[in-house]
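Below, chain A partners chain B and then partners chain C, in two separate complexes.
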Partner chain A sequence: MIKEHGKILVIGGGISGITTALEASEIGQDVVLVEKSPTLGGRVSGFHQYFPKLCPPTCGLEINYRRLRANPHIQIHTNSEVLSLSGDAGNFKVKIRKNPTFVNEKCVACDHCTAVCPSERSNDFNEGMNKTKAIFLPNNMAYPPRYVVDRPACEPGCSKCVEACKYGAIDLDMQVEEIEIQVASVVIATGWKPYDAKKLKNMGFSSVPNVINNIMMERISSVSGPTKGKILRPSDQKPVESIAFVQCAGSRDENHLPYCSSICCLGSLKHANYVMEQNPDAKIYIFYIDIRTPGKYEDFVVKVQAKPNVNMIKGKVAKITAGENGGVLVEAENILNLEKVRLDVDMVVLATGMEPNLKGQDRIAGIELDENGFVPMELQQQGIFSTGVAKWPADVNSSIQDSTGAALKAIQTSIGN
Partner chain B sequence: MTGRVTIDADLNFVQGLIHHGGADLKKCYQCSTCTVACPLTPDEAPFPRKEMLWAQWGMKDKLVRDMDLWLCHNCNDCTDLCPRGAKPGEVMSALRNKTIEHYSYPAGISKSAKTMSGNVVLFLVPMFLIALVIVIQNIDNNFAFLTAKPIVYANMLPVNLVDLLFIPPALFALFNAYKAISSFIRGLKEQYPPTEKGESLLTAINGTIKDVLSHIEFKKCGTNKGRNFSHKLMMYGFIGLFITTNSVFVLHWLHEFGFDVQTTPLPFFHPVKILGNVSSVAAFAGIYLILRDRIKNSNETVLTLFDWMFIGNMFLIIVTGILCQVFRVGDHAYLAFITYYIHLVQVFYLIAYASQTKFGHIFYRPAAMIYSRYSGRNKNIFSNL
Partner chain C sequence: MDSKTGVYICSGCDIDQAMDVEELAKVASKECKVPVSKTHPVLCSEDGVKLLKEDREKEGVNRFMIAACSQRFHETTFDMGEENIVVRAPIREYVAWTQKTRDESGEVDEDTQLAGEEYIQMYTAKLKKHGIPQPFEQDTSKKLLVIGGGVSGMTAATEAANAGYSVDLVEKKGHLGGFCLDEHKLIPSRAPFSEPEINYVSAIVSTVEENKLIKVHTSSFVNSISGQPGEFQVKLNQQGKIEKFKCGAVIMATGSQPYDTAKLSHLGINYDNVVSSAEFEQMAKSENILRKDGKPALNVGFIQCAGSRTPDHLPYCSGTCCMDSLKQAAYIREQNPEAKAHIIYRDIRTPGLYENFYRSRQDDPGVFLTQGDVVGVKETTDKKIAVEVDNTLFGEPVNFEMDLLVLAVGQVPSTLSGESALNLEYRQGPDLPELKYGYPDSHFICFPYETRRTGIYAVGSVRQPMDINDAKLDATGAAMKAIQSMELTDQGKTVHPRVGDQTFPEFALSRCTSCKRCTEECPFGVLEEDEKGTPFPNAARCRSCGVCMGSCPVQIISFKDSSPTIFKEMMTSIEMPDEFDEKPRILIFACENDALPVFDMAAMNRLKINTNVRIMPMRCLGGLNLIYVTDALSYGYDGIMFMGCAYGDDYQCHFVNGSQLANTRLSKVQETIGRLNLEPERVRQYAISMNDYERLPKIIDDFVEELDDFGPNPFKGM
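Moving on to the complex of A and B:
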């Protein structure tokens, strides 16, 4: 349909990047999609369920992957990084480094390699709560569905997986490759990570057992997670009978993230549902400053709040210490009845805020971020667009809508270049 | 909490707070991190979150009758963790200053202590009075005390005259303190009627004295934990100096009445002299440490003129006191007498306006601490909030 036009570079292969790439390419626009990790899917692939329909990530990602497979206009570079970006709207030079996964496209994910692999590594997909072999499938719905070798985790000189692979898919000598491409416009969809809760000195994260963050809660609740979806507390695998959610763990705090991350309240309400689905008798406490559920989610709060074992307490938890028998002691003021509350619960979930992945990094040279690490809107004039949480804190739904808009903007810049 | 509550908002009070140390109070969004961070607050109706709200709304009546302001020892653990930079520790401090101003008797002196021009007037009184007495005393002998050897301060101003100059302002101060504290306690009683959980008055007084002497509350502080030591040094230093001054007074009058006791200048190894010197070194070390920490943390703490006048006054009393002895022993007559004059003016300021300046905390804080024990500080009393 579109004849003379330049390519679009989409940086980041999460739900926002995938959406942008698909929306643009399905009208015939050429798109280059670069993803840092070995698989597409980003944060969404790690959720147990996600808004608005509370479906598992498979339902949303699968349809997108099918669209990707059928699409001749998208070139995907996973395990790759954008090293530099120079030029102007219509004419960018981009340097991309393709890091080796040591497994090529011949891989059929038969899993014979893991059986012989002698080494283990911390599983970052499960937030380090379990281990994988040094050769591993990034997650159960990885795209491309291909294994990866974590070379530093390998035993020196070991090549057992190479011998075990019937397809000749493993190449431990695979080298870094650098390519240079020309694009007309850029969409940044680099997403976010949970704020490092270790920086919250009074929250006991990593010093008090059974204090986890909200992403760990997603993994613990997910069937593909370390507990196969059973909500057990990490220290002794005891089923969780009481749980406290600590809102604004890092967000709305000038010492940490000065903005509201907008999704954490809904996240904790959703987590309350996870717990209730497994154990309707579990005691659930949600400590909040203000419950914020932007958009049309108001009824969700009302629904969760009406549950008999859900207790919403107005007052921020500001002290977390070890409780009795592996429990966790949380302390807050219940503002509505002017009393300090101390609760000993089985597990505490810190509703950590969203920190943009780009913050503190100059991976993409020439791009100036705002003071919080988000991509500023002003870059639009230069043909650089942003979407999803790279731009501002947002949920999946609005990120997808935003990405469709970003695709249109990028196409407009590409036409005629 | 049921029923209708009418809020009597005093917006001038809020403005006053903002301009006198509580500049960031409106940033507070009531998360109550401060209350959890506070190592001193009771569990029931804890502080300082509720005070932050009252301050934002201008609920002056609640605040000036709030004993919790005085249970706070400015640890600043709250300010440290505050996610908004609202500095609750500083707001509490500003509120205490406001309370002193509110109950000040006569009303004007505390207001004067808040402004530069007011302080000039407050200082002119002792400067003029003391100078006048010195002139009257020495004009006939052409100020011979300046050249007499050895240097004897009593040559310039005999002890009788010193007593004459200082006893009236001391009585004036005590009377004013009594007036202020009795209406303060009346306020506390209205807001927190005593409950059956309270201690007897005697037990409460006894417990408070122990708490103050041991600095048990200061010891619980996290962020400002150094102040436990520096404030204790200064407090004991000043208690020592208070005892020294009164001993000299007693010795002098015993001597006047014909008893065979030593009078000033006391020899170096006289027990009273030793007490005086040890106390002044302790007080100096204390005030030095406090000043150092205040300056070091100047981005966190807000110091108003009201605070500076008090710290400066304490500092000058100690420094001039020590220098008096140094110049006397070193035989620098002019320096010695000028320093002594400054010392007397500073001491006059401290004593005469005791209940209206920040020094007034020595009345308000123990009163509130005693009352909190006596009333049994209970959350039920907040049912009218």
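Moving on to the complex of A and C:
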């Protein structure tokens, strides 16, 4: 029966897209997975640990990559974009643009190329907090495990990497390729990005040193990050002894993101744990409106809150300014006792919310998004499903749950097509 | 078919910068005595793969030992077809990238070369003992059994049926619909998420009843389930009448009940005008939001977290009561514009787009929201309810007087009702093992459907506290997993996490001592036993973790590609350097899920690993059989490191308790080691996660240094 199914197109190769593709394909369903960056893995590949278990996301990714490696039913296009989508449920025509990575499948990841590369680029995997060579492996877990050239970062006329590669894997003249495929159903799993904290007035992001966002905090804490996992403040690499977290930074706010992203409370509690693990005496302040840890996540807030150096303050932060010697001044009001709070801390983390990647973009022709940039659920009738944060704000666990279901919905549409 | 082994050694990726690969090839032919032994500059290239395939066709090679990169690379490149076995020796990662390379004069380092040669010997020895995996064949059913006819169960049934699968849907009550059928209205399920929705559950009931692929059994319960995925034997009790049928997978969607308000006397449940949220829903449904004396309730209070988020009652948050109370506040305002709703909360939890629903109520001047802790509930002389609230935004305790008070109570999973919904005829008990608070949930963030009873999935508010919208999504996902289980079982393959594996435990029962360790320790309840205690495996329940293999004191359990014999052959394939060589040998058994990839990470980062260790992969540390320890020590290994995941409350083992079992077993062997006059510290277990690659070299060096103090293993050369 499966053999007669049309293909499923999954757009986005983060944990939601990977899950959708795998769950559908493991009953023999053919899937085409398109990811715009050079590697699969998406946001979770940059996380240090998951809440509430504090286990490494790379562990689950490893299992999923093992499933992918052994799976003959998934065709993967990384560094590729969906240009257009036309047709109806059961019969979509999809144009895919494969952007050149300048490295072909002969790459063995031997790393000889980076030794000779004279140019550097800002490392987006580490939120720009360090650099890689112009030819680089996106990260330790990159899938496919293949290097990429950031062509604009190259020195003009340089071809040292080409000469250094014994395997003929680098082709600096690699061209854009466009392909057209036919699929029966579509799952959009394009994920999210952190809300741009520069838009938040008085929060000091990018103007006050040592004010970072929650995604940077993940990278600073991660062994594959710019500090190899040591939590040091960016301006002077001093170990962090006091830290403040600003919850709902740009969330639940009609001027920014009107919704709650549902992960930032748990994220900051997890970050507090990262800090305490390295420095049990570190002072931790969390400014919040409501602590949102539904279901069994409640155990996590109870556990973290019980730590003697964790201070939960119900209140809104009014202003963040530079203090002395790299410190950060936080001014807030405790709305339970109406006292003004003034803190001088080593680092501030703005717990920014999730903005869907599709917001402000018109990447997939014909798909209209809702006012917040999420994919409207009504498109289901047309054989176009969404999952993960392309659909609504969600944590990893519920995104995976949703993506497993999305696989079945897409299969239903592809039956007999 | 005769087996013919070929050893193929790649010299690319700097392997030749660390080792003399021609010498490695000689070791393969001379020491391992393989008929074909070749080197190639880039084995993964077209030309390299052509070489392998030509040898397969022309030379009849059907067992391939590829000494090159790790299994995590080029898995399909080196796939030589189902009838042929491929074993990979990761000399790129374990030697070339982590050991000393050639010196300035081009000489290879002696220890590095030796490491390469010993890996060739070990992995060739492994290959020689490999069998060819066979799918487990049985006559399977692809019919799904769904237990529970609420929204979760009905959704799972419909979604499976819409993909073409037949479903038997069993409901205890006389009709479908479950808890939500009786709700007045439902929380919003779609944008803009601002107002309650008309109850659509009866429409779902009709859809199910009209679906030709779904057979509905009302007033029925499951008397027993025996057998295994693909061929579960179900006995259904329909008002005393027993019906038998076969099914392929099971979804348990038995829901939850509201927390028992009788336990909340401190919140005034015994007063006339205090009701539970479930009772209030019915009052609103009949448009009778009245006090007990029949007068309209103009001031209605809600106490959130009534019996939730407290160690005295439910420690968890149900995640649904905030939305429910906001919904009920909307009823009050809709049914009587004069009436006011007053919600007293600790934190308003309206995650995601539910924030819009909260905002809509905040915008209503007749809905009041007060953050604080309820410290007292009293009845006034006129039967009003006085609620005292502390820690409010007003700074001091505040008193509110309500006509009617609603206690917003949380969910309790049906597993705690005292009746089994599954009645599994499994040696390990009739139910899905519970994770916490009665919820038989998955323990894994990445795998919400990772179940401990293969082919049986809990879904909806019995799996974890959840609302109707989550339940529908959850049920769709569970239907997918159940279908997958049925399809993979039909092909005779294992399900998650070793999806597609076709190796199953094999029992040499003639040597079984009926000690029952395997039947007790199997984390998935695979093994039944006869009256003598002899194990009887149900292969389709098996997840191929190898825990049984590790548990067996007489080593009668094996897999085609992993067995006590294979481990012994591997460890004894090398020539043990003698005690005067100053070349200690340490074995590392590494779990394939977490610990083994860490060596790849270390290699990618070119971290130096101690030259005296030899790494052997295990499916899971739960496969640790104590014979490995005695075999290795008596062969002269100086120490053994077992690397697996962390255990305890936040365990990471995808086979539940493999690393914990390993720890228990090792604690038993320490005494034996002591009796051999060896230091127990020579054998140790380590919790290693994917994030530990930077620490890894030091962990190993520290262990080797400690062994130095003990001196060489006196059993060397004996």
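Side notes on the structure shown:
Everything that follows uses one rule, which is that the second predicted complex is superposed on the first by the 414 of 417 C-alpha atoms of A that agree within 3 Å, B and C clash if a C-alpha of one lies under 4 Å from a C-alpha of the other, contacts with A are read in each partner's own complex, and residues count from 1 in each chain.
Heads up, the rule we're going with is that a contact is a pair of C-beta atoms (placed from the backbone, for glycine too) under 8 Å apart; a residue touches a chain by one contact, two chains touch by 3 or more.
Treat the numbers as computed from the prediction; the structure is a model and nothing was measured.
By the touch criterion defined above, A:Val396 lies against chain C but remains apart from chain B after alignment on the C-alpha atoms of chain A. With both complexes placed on chain A, chain A has more residues touched by C than by the other of chain B and chain C.
Once the two complexes are laid over each other on the shared chain, residue contacts for A:Arg252 go to chain B and to chain C alike. Of the two partner chains, both chain B and chain C are touched by A:Ile335. Shared-chain residue A:Lys296: touches chain C; no touch with chain B.
Using the contact criterion defined above for the overlaid structures, shared-chain residue A:Lys307 touches neither chain B nor chain C, since it reaches no partner. Look at A:Lys316: by the touch rule set out above, it reaches chain B but stays clear of chain C.
Touched by chain B in one complex and by chain C in the other are residues 252, 335, 338 of chain A. The part of chain B that touches chain A in the complex is made up of residues 29-37, 41, 43-46, 49-50, 81, 83-85, 379, 382, 385. Across the complex, chain C is touched by residues 1-2, 15, 23-24, 26-28, 48-50, 53-67, 69-70, 72, 106, 108-111, 137, 140, 145, 166-167, 222-223, 228-229, 252, 258-262, 290-299, 302, 314, 335-338, 370, 374, 376-378, 392-394, 396-398, 400-409, 411-412, 415 of chain A. Of all residues in chain C, those touching chain A in their complex are 12-14, 42, 44-45, 69, 72-73, 75-76, 159, 162-164, 190-191, 309, 315-319, 347-356, 359, 371, 391-393, 395, 436-437, 439, 441, 443-449, 464-466, 470, 473-481, 483-484, 487-488, 497, 499-500, 593-594, 597, 601, 604-606, 645-646, 650, 652, 654, 689-694. Chain A contributes residues 202, 248, 252-256, 289, 315-319, 331-333, 335, 338-340 to its touches with chain B in the complex.
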